[in-house]
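Next come two complexes built around chain A: one with chain B, the other with chain C.
Let's look at the complex of A and B:
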């Protein structure tokens, strides 16, 4: 397995936010995790990304124990719900940001960012500052910035949560295209049931700090906890 | 036809604002202007030539003030910025912020009297280092409180994002945090410079007359009833803040708006 998370526990004071978290993920796959606000999704992602230290447990990435590794050395990029574009840099420089941190030669940066702008359908927007871009464009630049560094693992924390329905749908399609094009392994956290089903090769459900990963989508649909049955009943009742 | 009073009122307001400054320059050029004469008997550059000939030590005071204020502004802005971050992430953030108001509870002269014993013990009485330290004690809490509004969850998220993109602490500061805070840093530098530049109470007690900043000189001339030198030193006193204000307006406020 490419990513192995073993018995991770994380508490804040007396409150145990993540309880015995264990799962694994194959390379180039997306695990979508469904969960309500406050169930521990963000804490789980931040712990895997190295932004929070676990109280106990182990994280293995491509066979290497990264539990104690600093976030800048993990090659795991964490994407927030907010696009967090750097306001003092234009779209091109935002995408090139991670590459410049790694001191990649200028020619290669130009080539990579140019290719990324094309993949993100952002040609002609390179010189625009973040405040001149729409919500969807900003989120695409944010994706580009994360993917251009070729991360081993991408952690997405409700990345489309702030977008309108139409833009959200287009971004979901774009994300599927990019994951295939750039061979991305990712954890995709969402509280949207449909998005969880659409985005993941595997699906997990998180509740009260406990994660259940389903071996196939049918099990997820059958589990009454996930709320899929309620949705089916609701939409069926409208016929 | 209705008369539009707006341009007249505006012109009057501008005149009223500019009058004290123009009058200061005029007074600095005058000498021997006695009642009931409506015009000074001498109007020329005599006072300025004397000053630049350093007879009264005004020019030296100007450079001393500049050195003290620049030191105070640089140290308090830099340390205020860094320490305000530590305060923001500290569990006792509220208590620490409250403590920062302490130097402002007391009048500067009383505060200086309280500090004087320690300054005397440390050999900081009556020298420039002592004045810089004393003014820093006033300017630093200001910078600390000023930057407390900069640090928030969003800046923390930016820092975390840079870390996951592979950036170390130095890169996080130079490439993201400092560019984000650039405008605020310049404003804080300007404000702390002004706090130090116009400081009188602390400087007069800790400096014990040996450190003569321009503000101290102005008060001295006024006490001596030497209005012409007083006006001249006021002109010198106003010059650096005006230059700083110009740079702030040109390079900072335009970007902030």
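Let's look at the complex of A and C:
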């Protein structure tokens, strides 16, 4: 397995936020994780990304133990709930940010960012500052910036939560296209049931700090605690 | 009614902000050319020629620029360092009060305190004497009324640095630099790169206009250099007041020449800052 998370526990004071987290994920796959607010999803992502230290447990990435590795050395990118762009940089420089840190030659940066802007359908927007872009465009730049560094693992924390329905749908399609194009392995956290089903190759459900990963989407649909059955009943009742 | 409100605002601004300033400037200009003034006998360029030839103005201007530049640089640098290292502690109520406190102290009091602390007969000189570091007052280093303007710079830092700490803390929060730093780290930035690529550019680009305005403010400061400055060269405001208040009536006109020159200089700097249309908060 490409990502192996083994018995991770994370507490804040007396409150155990993540309880015995264990799961694994194959390379180039997306695990979507459904959960309500406050169930420990963000803490789980930040722990895997190295932004929080676990109390116990182990994280293996491509066979290497990264539990103690500093976040900047993990090659794991954590994407915030909001389209958090660097306000002092234009769209081009935001996407190039990670590449510049890696001291990649200027010509290659230009090529990569140009290609990324094309993939993101953002040609002609390169010079615009974040406050001149729409919500959907900012989110796309945010994606591009994360993907351009070719991360081993992408952690997405409710990335489309602030977008309207139409933009959200377009972003979901774009995300699927980009993950396939750039061979991205990702954890996609959402509280939207439909989005969880659409985005993941595998689906997990998190509740009170405990994560259940379903081997099959059917198991996820059948499990009453995921809320899928309630949804089916609701929409069925409208007929 | 809606359209009248902005008009009243503009009228008030012109009446309170522009007219008195313009009147004072015209008065100073006329005085500097000898058109008005008790002993003046009509238009002349001799006061201007005298000021420009003596070099006192340029010496004083250079001295003021260096002092203001050093004080602003140290204050901004210090405030950035404090924000970077102690922002969590500064969010606590008592510490935030400690930062606000120096802002309430007038410049003249700060100057007086600095004099009491750092003069040859002051607090630190006495402590040094008690501890045996010096045997007489003259051995204490010149920290006030000195050529290097140590006392003036110390006072300016005491007055200005807390303001910048509060400003930077505010921008840090509003611009979400904490989250952006974590994001940069996640993209591969080490601590040094986070400071250089995220923390500094965002804070400086968001506040550079205020930094320059504070530089201009210090350039024209009066009370502190009056108490802590040396005989010559003096900072500009002190020079202007000293010239205007002299018994030699010619010197009054020369004082107005310096005042006009200083006003023109600051006005040009302010115009250069604010005239270009700033379409966005950040320059790319």
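What we mean here is this: the second predicted complex is superposed on the first by the 239 of 239 C-alpha atoms of A that agree within 3 Å, B and C clash if a C-alpha of one lies under 4 Å from a C-alpha of the other, contacts with A are read in each partner's own complex, and residues count from 1 in each chain.
Basically, contacts are C-beta pairs under 8 Å (C-beta built on N, C-alpha and C of every residue); 3 or more make two chains touch, one makes a residue touch a chain.
Predicted, not measured: the structure shown is a model, and the values here were computed from it.
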Side-by-side fit of chain B and chain C on chain A, or clash: clash
Contacts of A:86 with chain B and chain C, given as first, second, both or neither: both
Which of chain B and chain C A:77 touches, first, second, both or neither: both
Which of chain B and chain C A:97 touches, first, second, both or neither: both
Which superposed partner A:146 touches (first chain B, second chain C, both, neither): both
Which of chain B and chain C A:218 touches, first, second, both or neither: neither
Partner chain(s) touched by A:49 [first = chain B, second = chain C, both, neither]: both
Intersection of chain A interface sets (partners chain B, chain C): 49, 51, 71-72, 75-78, 80, 84, 86-88, 97-98, 101-102, 145-146, 149
Footprint of chain B on chain A - complex, ascending: 46, 49-51, 70-72, 74-78, 80, 82, 84, 86-88, 97-98, 100-102, 145-146, 149, 155
In the complex with chain C, residue positions of chain A that touch it: 49, 51, 71-72, 75-78, 80, 84, 86-90, 93, 97-98, 101-102, 127, 129, 131-132, 145-146, 149
Chain B residues within the chain A interface of the complex: 154, 157-158, 160-168, 171, 175-176, 179-180
Residue ranges of chain C in contact with chain A within the complex: 175-176, 179-180, 182-190, 193, 197-198, 201-202, 205, 280-282, 284
